[in-house]
Structure formats: structure tokens, C-alpha cells
Amino acid sequence: MIKVGILGFGYWGPNIVRNFNGHEEIEVVAVCDTNPESLKRVKRLYPSVKTTSNTQEITAAPDIDVVCVVTPVSTHYDLAIEALKNGKHVFVEKPFTATSEQATELINLAGQKGLTIMVDHTFLFTSAVRKIKSIIDDGTLGDLYYYDSTRVNLGLFQHDVNVIWDLAPHDFSIMDYLLDCPPVAVSASGMAHIGKQEDIAYVMVYFANKVVAHFNVNWLSPVKLRNTLIGGEKKMLVWNDVDPDEKIKVYDKGVDVSTDESRYNLLVNYRSGDMWAPRVEQGEALKLEVEHFVDCINSKQVPINDGHAGLRVVRLLEACNESLKNKSMAVTL
Amino acid sequence: MIKVGILGFGYWGPNIVRNFNGHEEIEVVAVCDTNPESLKRVKRLYPSVKTTSNTQEITAAPDIDVVCVVTPVSTHYDLAIEALKNGKHVFVEKPFTATSEQATELINLAGQKGLTIMVDHTFLFTSAVRKIKSIIDDGTLGDLYYYDSTRVNLGLFQHDVNVIWDLAPHDFSIMDYLLDCPPVAVSASGMAHIGKQEDIAYVMVYFANKVVAHFNVNWLSPVKLRNTLIGGEKKMLVWNDVDPDEKIKVYDKGVDVSTDESRYNLLVNYRSGDMWAPRVEQGEALKLEVEHFVDCINSKQVPINDGHAGLRVVRLLEACNESLKNKSMAVTL
Amino acid sequence: MIKVGILGFGYWGPNIVRNFNGHEEIEVVAVCDTNPESLKRVKRLYPSVKTTSNTQEITAAPDIDVVCVVTPVSTHYDLAIEALKNGKHVFVEKPFTATSEQATELINLAGQKGLTIMVDHTFLFTSAVRKIKSIIDDGTLGDLYYYDSTRVNLGLFQHDVNVIWDLAPHDFSIMDYLLDCPPVAVSASGMAHIGKQEDIAYVMVYFANKVVAHFNVNWLSPVKLRNTLIGGEKKMLVWNDVDPDEKIKVYDKGVDVSTDESRYNLLVNYRSGDMWAPRVEQGEALKLEVEHFVDCINSKQVPINDGHAGLRVVRLLEACNESLKNKSMAVTL
Amino acid sequence: MIKVGILGFGYWGPNIVRNFNGHEEIEVVAVCDTNPESLKRVKRLYPSVKTTSNTQEITAAPDIDVVCVVTPVSTHYDLAIEALKNGKHVFVEKPFTATSEQATELINLAGQKGLTIMVDHTFLFTSAVRKIKSIIDDGTLGDLYYYDSTRVNLGLFQHDVNVIWDLAPHDFSIMDYLLDCPPVAVSASGMAHIGKQEDIAYVMVYFANKVVAHFNVNWLSPVKLRNTLIGGEKKMLVWNDVDPDEKIKVYDKGVDVSTDESRYNLLVNYRSGDMWAPRVEQGEALKLEVEHFVDCINSKQVPINDGHAGLRVVRLLEACNESLKNKSMAVTL
């Protein structure tokens, strides 16, 4: 039985507790939060779980094997380093840390101690992302041209980070997983209307071989959009994550460069064929993520969403902030 | 009767000829194109119209009052200057010219000669744009936060200009009309995959007062998207131009800054109310544009889409190219 | 504290238990099911609830005030009559009973004993239905012309009832609530492809004053549709229950009879105006239904979904079966 | 050169004239209408075409080979019989005739004289219907269960026929073509709200082998719906004719009868797989229909939409009216 302590029972914490609790090899032994109302809620739902407002009762508890850090990003490093020092595996909310130095330090310490770090890049465990991964990897799309993501909705505003740090970690981790290729430069634009942090922003990521990725993140949109277009040489894919039935559509569309170009707008020929929407299984991604975590701890396997994956996302986030401060100028990674 | 000569009968020219011909105060007297097939098509549809492959038979024809320049952008200046020199009013396809110097020169010459320039910013004459204009102007949205436009589809590739010069003039002219406020800086990112010109690009435009506009233009998208989100302090608007029935939706949604913020993610309160889709009339925009042109010529009125409007769009396009060459760094206007 | 016993923990039972259990004035004391796996699941989720496979341990238990009958329709009468005889209030799954005689008998017995019957017409407690009710009642739509409902999807096949008895009780109860007017005749068509019961069927209901209602119910549809059109003299309403954002749309559309009709297809004038989508609150209908049940028991109030409402639905279902047997001939009610 | 005369230049007539005129082997020589405005419009668009208000100048004109009857249905028989008597081929608007006797008489006369009758079942020439036909015929769907069509919108009201006679001929002719199997019985329900003719109606058609078809036709709908579901044993198809991009979707969904059915709602197993949207070409159906007509005349081939096809539709329409008068009772064909 793996004994788990959870730090933070705010917006996302209840899902973490429910899913860790639901795994048959896990026992959630304690939950910590500074808000007494949250702790009351824990008690009502899980009468046998210990509640506390003192983080050390979890990070230093002798009977706890795993610490989940589900607190604001500014606190991730302090809590995770304490847990690692005390020999605990850690499961850390995204984004992993506030700086890449912090991430590197956590990775190094976990390495020295043989402990597992998992960063909560939940989307990697959705059926949709898994399906897209297999469609890219089997060559269906051909060489990729671009990855274009829109993730906009109304709120939730946060005041310790901007909209890029809040929403883009999802997309950066998905892109990192799907493209499996290091980015070379990042440019970002944004504006803060309501508070001091950007509430609307756009990020361009450059890869080798002319692949580009673009991210539209916005806390001030009247409609919830979760659209990703992936353009490839052979086929093109659209992922609409708010469509309940047909999340992924693969279009047999594209362009073939024409050799004989007598007229100014006949540079290319267009292919336009059938569309195919593969079935996407339903099921809770977090459940699969917890299973992967347990497997990794048991078999000393490296999680696909390990500290390095977390670090790669943090580096992109840092580059965004740097570009934002420099008139959107592309930052080389 | 206003006598009109038209240069160019390729992709867009037939619509120009049909709409000018349909106006009861206009007589289309001649059409010029270098492609004999195009001229044959003119003859079949309009047996009484003269056809020629010599532009001077139009720009210098004594019986022609108005010259329409519906040719590739690289030729706009030469053809329009010749027409103006010969005392003709000109109607020029978008983008107005290849450089802002050319645009300025044409504006000055027309001014000296008392001639009218209209730049074909067709969208300003659509019912949708007119309706949005009235919704913004009557204060329904309150102070604006952002204007976010997506205009993507498969093709048509052009080889004398990039995707920004091809598609963004639509959006820049709409933004210019709706926001009625000078931009202060522009940043652009893009990539060329198929030819030498960027086929996918993103543009950020900054205004005073924290208003930003963003444009996603792409020749390599499997789906045709024409989405514009306009976020305001009071309400938010979504314009989906490919929706046949409900092109414009106004959402009573937004955020109110909260004064008492005890917890980290409670910076703001959200308003979420009804949605309203005003009726948008159907009808051909180009027809209304031609009527406006005739009115302007007859009454010596300045068109809303005059040479200055054309110049403002060209300046944005030039700034995009400059930013593209400078690692997306924002270019001050 | 109201003590509740629940009969049946199959597909819908878990929702009943969870919502009754969640009400602060209710204690769920026992759950009965014939399937040992179901009872194990009860024990895991609610360790303090008693489980049994003997219905009498619930219908005759001295410490139980309310019996919920969440079993196949063929068993409703026997279980409910036993509960009522023992002085329990009853909450019965839809459709209320297998025959109108059974329904009448239950109503009479409950009346004699001063007990409350609630039939689980859950949809009456959704925000969407409540909003539509207020839109009809305040005269927004004017006099109604028709109510046209489509409720189709793949499965779940049942073998004791046909698709009308399975799906149409939802729609009949909604129609009964919204139109608040007695139907005068019913015609039904259908076909059984997979089993012996109709798996696809269509029902027409006639009211006085030319109002008609139509129901399309189908267990063999590849797509899940939940569409209701309500046509009125002044405005028309579309309710799409699977749309997460804009469930209800009210169209300012209609026809005005023209007095001067010179030509054969100019009988009427069409009005086509704005569309309005009122905000629909989110929230679980069953929670509100349980609150209404508790209120009714406490204050001896008659539920909007009482036995008579259940009986009206059963009468329509019986008329459907009769029409199905008589070549779709309309059955007068 | 085939010389064509056209009777009727109202709502649909202009499309007929344009498409016949566009065929290179056809010359439209005369158009007849009782409305002088319509004839003026003809003259403006086709200066060389003769106009008349006297039908005999077309039906009896020695230089006319083909007569198109594009007038209200009540006049079809009189005009077509006159044309046939004078040795003309006829192209008749749908529905073919007002009674099946009239249709039979026209078929017989044309047969005796060796003349061609084509009934304007335009939809049979759309790419969508052709694609669906091939999907059914190649066995993709397996044995069919049902055909369920919704064709609703606001207007156009007609006063000589009800909504079934106006809209259902489209669907009856499509069904006739796709299912290629004689119906055995028809039931219809409807109501007249605005005029004396039914403006909303529902039709059920029974075939041998448990196949059923259902039609929802409505002149009083706020939204335009053109949805057809075709359920088969192996796969299921949805045709949404107002979707500009993905008109046809084929779902790998269905049910397999389970042999071991221990529990009441486990009668069947559900299959749920991928969806596939075949490319549907664009192009004007009427153009292809005119080409088919010319081919049939030239090669003495029988049109797929000949008089018999027209008669089969009229018989269904008559059966609908009979059922409407008999309380929806199914009428055996």
C-alpha cells in the first residue's frame, strides 16, 4: 500500500484526492490546506483521512511515501524539496516550478535519492492526445507543418501568474509529447487588462525544419474554445476538445507543389478528400495518470511526465516572459 | 452614365464586372486581361463590352471615367497612376499598393486632380460588419479589450505576396473601420513551408489604452474558419462569418474586478448572462460598395474606403514584413 | 430526519441514492437489489447503509418513512402498493405504472392515507424546462402551434417495454408540464427490428385548438439528438439539450397572414428577426426534485409531479400501444 | 439542337431556364408566364428568347421539341397532355401530377408516342444522394432498418397543396431511388394552423422486411433542418444537407444481439467505432439532370426519374391524404 499525503484542496485538489483514493494500491492518509472550510469538506467526503494546516505534517510524516503538491506554483519548489529531502516521491501540479533552476534542483535531488517525480500534465493521459500521438507517429500526417492551438474561455483569473503560465502548460506539455522535438525559439505577445498579469497572450514556438507552433490563450473570451489544428504534408488534423462526439478529425487535404506554374495564383495543387473521425474512448485521464505513477514507483520506471518534461515546459514559460518583456522578440532556447 | 473600364478578369474581376454592370448609372465599356480565355469569357457574358489586352486602351481611353484595377498588387501603382494622370477615378483592389510611398503618391495626385480613389475593402459593406460597427459605436460592448481574428483555409497560394498580404488586408481594413483608432505597434511571426512566401502567419497589433488585435492567417488549414472575437468591458461579441444563420452573437459576459480578494484565484467576479444574435441581412456587399462609389463620385464625397484607408492597411502590412525580418520584434508605427 | 429506503440499485438507482443521501433532512437507511454486486457497490460507497435483497425489509420496515421504487416498470405497482399500505410515502421511477388502472389505485390509496406520491419526472426540475415554462407562460411565444421533439440515440435496449415506454415518458411529462392542457387524441407508428419491442417509434398527440405534439424516439440512432422545436404564433423556440452552452434559442420568426393574396405562393408574410438565447443555469435536476419531495412531505403540499401527473403520462403510453396495434389510427383520449 | 419551351417563370422557373439554356445542345426558344413582370425579367436576362402568356404558343409550337412544365401542380396534367399530344417530350416539375390517374394517362400517352417524360426530382442528381446510393448499394450499411428524414423551415406557404405535397416529393423521390423497394403502407398525421392546408405533417412509410421510413415536414420551423438518418444493421449514416463541409457521415455504430441475457437491460451489445465523412463533390444538380434528359432523348434511354418514378411519388402523396382523412390510419398501397 502506497501512502499518500496531499498538499492543497482548492480547485484541483479534490480531483487529485478522489483519483489517488480510488486506486486500490493507494491509501490517502492526510490532506493539508490553509482553509478550514476545505478541510471540513475533506472530512465530510473522507472521514478516515487526517486533515491538517501544517505542511510539515505531510512532507515530514514518517508513514507517507508520496507527497502531492497541489498548491500555487510559487510554493511548489519549497514543498517539493522538503518532501524529496524526507525521501518522498512527489507528484507536482503544473507548471512544475516557478523557475527552471528550481526544476533542475528538484530533478537532481530526486535523481540522487532514487525518487520519482511526476508533473501533473494530465492531458497526456487523455484518449484524445494518445490517439493523436499514434496518428502522428504512424506517419498518417506526413511531415508536420504547424501546430496551432486555441485555449480560451472566461477566467479563472489568478494573480500570481499570467494567462500563459496558467493555460499554456497544458498545451506546451501536449506539444512536447506529440512533436517530441526540441523547440529552438519562442516569441510571445500579450496584454494585461484587468490585473497586472497578462490576461490574453499569443505564443509562437519555432522548431527546426520549419515546424512552428502557435498558442492563443485568453481569460477574457465569451466562448470556451479548445481547438488545435495540426497541419501535415500528407493530411491535416483538427482536435476540438469540447466536441463530445467527434473530438478528432483527420482530413485528407493538402497541397502538392505544381511544377508548371504559368499563372500567378497556380503555385500549388490542392488535394481534398474524405474526412475520418477515429473513435476516442471516454474515461478520466487523471485515473490513468495515477496508475502510471504507481507503475513507475513500483517498477522504478521513468514517467513520461517526469521532472524533465516539467522542466521543458517551464523553460518555454520563462522564454515567453522574456519575449513579453522584449517587445515580442524571439528568444533563442 | 458613368463609363467604366476594368483591368483584370481573373479570380475577382468577374464579380467586379457583374456588380459595376448591374448599377443603373454605370456602363462597363471595356475589360482588359492578358489571358485570351478570360477575354472570351467576357465576350460570352457581355457581348457589348469591348475587350483588350492593352491596358492603355483603358487607362487612356477618352470615353472612360473610371478605371478599376483588379490585377496583382505589384501592378496597382503603375496602372492607377496612369489612370489618375489621364483624369480617371480609380477603384483599386486590396491591398491598395505594394508600398506606402506608392499609396501616398496616388493619394496626392488624386487630391490635386479632384479625383476619387476607392480601395476595394469589400467587407466594410457587409451587413455583418455594419451591424458590428453599430454594436460597438452604441456602447453595447463598453471599452474594448481585444479584437481576435482567425482567417484560415486551404489556399489560394499566391507567389507575389505572403499570406499576410493576401488575407490580412480584409481583417486590417475591418479592424481599421470598427476600432477607428490608430495602431501604435505591430509584431508578426510566420513560416514559409511550400514556397518562399510565408503561408502561415500571426500578427499582433497594439493600440493605445491596452487594446490589442491579433490575426491568425493560414493558407494550409484543412478547415475554413472565419472567426472574430471582440472582447469588451461590458459585453463580448463573436462573429462567425461562415455560419449561415447566426453570424453575430453578443454575450452578456465579462468580469468585474473584485475589491475584496482574500483568496488567490478570486481576483475577479464573472458575469454570465443571456446571448443575443441580431438579425444580419443578406445581400451582396460589392453591390453596396459600387453604389457608395457612384455616390461619392456624384457628390464629391470621400469614400469610407478611400486612399487613406488603403494606405493605413498598407502601412500595417509593411510593418508586418519588417517584424517578420526582425525575429517578431514589435515595430512602432 | 426523513428515513428513506430504496428499491433498485441498477442504472438509475445510484443517482437516486446519492441525491437522497445528499439532502440534509434525509437519511438513507436501506437499499434493496437482487444483484449482490450492486449491494457490494452500495456498501463501498455508503458503509452505514443497510443492504438487502428482500423488498419487504424496506416496504414494511417500521423505521422507514419513504420508499423509492427504482425497479423495472412491471414491478412498480406491487412495490408501491405494499409501501403505501404500510404508510410510506413513495417516490416512483418513470413511467409510474404499467397500466392506468394501477396508477389510479395507487393515487386513491395514497389519498385515503394522506401519503405523498412523487413520480420521477426529473426533467421538470431542469433549468432548461423551467426557463421554457416561463417563456411560454409569459406569452413570449404567443399561442402555440406545435411541440416537436426528437430523442434518439444508440440503446439502451430494454426487454420489458418498447422505446416509447422507455424514452417518451420524459417528453410526455415535459409536454404535460409545459402545455398544461389535456390531449384529445394520440396516434403512434413504430417498428421492432432487434427484439420483439418497437425500437423506433413516432407519436402524434392532438390537443384542442389545433395544437399538435410529435415525438420521435429511437434506440437505433448513431447520433444522440435531444431537439425540441416549439412553434408559436409570435415566436419560436428551439431547445437543444445536448448543446452545453446555448440550450434554448428563441427566434423572432413567424408568419403573418396576408390579406391581399394575388399570387399562389404569397399566402403569408414572413417575419425574421433577432435570436435570443437566455442563460440556463447549471445544476442537478434530481437534487431539486428531492428538495421538492421533502418540501411536499413536510408541508403536505401536492408535488407538481404527483400521481396524477404520472397517470397522465401512463394514459398517453397506453394510447400509443393501442394505436400501434390499430395501424396507427388515432386513439381518442 | 433541341428546342425547348418553358411554361412558368416563378420561383423555380429561372433555374430551369438558366440550366437548359446552359446546355450546348439546347436552345431555349420561348418562355410563358401569366405575370408580365416575369416575362420582362426573361427578356432582360435572355433578349433572344420569345415570351408569351399563351401556353399554346409553347405546347403547340411547331419548332419546339421539349416542353418544361414549371407551373402549379394543379395545371401539370393539362399542360403536359397537350404537349405530349403535340409530340413534345416533357419535363415536369415535382410532384408529377395531382392524381395517379393523371400520371398513368401521361405515361401511357408518352409510351404510345415514343416520347420521354422526365419528372424534376432534382435531388437524385446531387452528389450527396449519389454518394449515399453507392454506400447503400455496396453493402456498407448492411440491411437497412429505417430512413428518417426531417425537412423543415419557415415557408414558402402554398395554397393549392399542403406541406406534404410541397416538401415530401423531394424525400419520397430520394427514398424511392435509394431504397429501390416498393412501400406497402403509409400513415400520415398533420395539422393546418395558418391556412386550410396542413402546414406541419408527419408521414410513416412501411416496407416489407421491417424497413420503415419517416418524414417530418414543416413550413413553420424557425430553423432550416435537412437531416436524414439511415440506420443499417452494420453501419449508420447521417446526411445533413445544410452542412457545407461534411454532408454525409457514416458511423461504425450498431447493435449485436446478445445470446446470453441475464439482466433486463442487456439485450444487446453496442458497437461504437470510427466515423467517416466521404468527400462530396460540389456542383449544380439541375445541370446534371438536364444532361441526363438530353442523353435520354438522344439515345431513347429511360430516365431514372421517368413518369413511373413520378407516379410512385404521387401514389405516396395520395396515400398520405387518405390517411390524413382517416385519423392517421395506415393506408395499404
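Think of it as A, B, C and D in the order they're written, each chain with its own count starting at 1.
Operating definition for what follows: a contact is a pair of C-beta atoms (placed from the backbone, for glycine too) under 8 Å apart; a residue touches a chain by one contact, two chains touch by 3 or more.
Keep in mind it's a predicted model, so treat the numbers as computed, not measured.
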* Compared with subunit B, which chain's mean CA position is the farthest off? -> C
* Give the chain pair, either A-C or B-C, that is connected by more C-beta contacts. => B-C
* Separation of subunit B from subunit D, taking each centre as the mean of its C-alpha atoms, in whole Å -> 42
* Distance from the CA centroid of subunit A to that of subunit C, rounded to the nearest Å? -> 42
* Calculate how many whole Å lie between the centre of subunit B and the centre of subunit C, each centre taken as the average of the chain's C-alpha atoms. => 53
* To do: Please list all residues of subunit C that touch 2 or more other chains.
  => 223, 272
* To do: Can you check the complex and tell me which residues of subunit D touch subunit C?
  => 10-11, 35, 72, 145-146, 148, 150, 152, 154-160, 185, 187, 189-195, 200, 202, 204, 206, 210, 212, 214, 216, 218, 220-223, 229, 231, 235-238, 249, 251, 253-255, 257, 261, 263-265, 267-268, 270, 272, 323, 326-330
* Structure fact -> Contacts from subunit B onto subunit D in the complex sit at residues 223-224, 242, 244-245
* Any idea which subunit B residues touch subunit C in the complex? -> 246, 252, 272-279
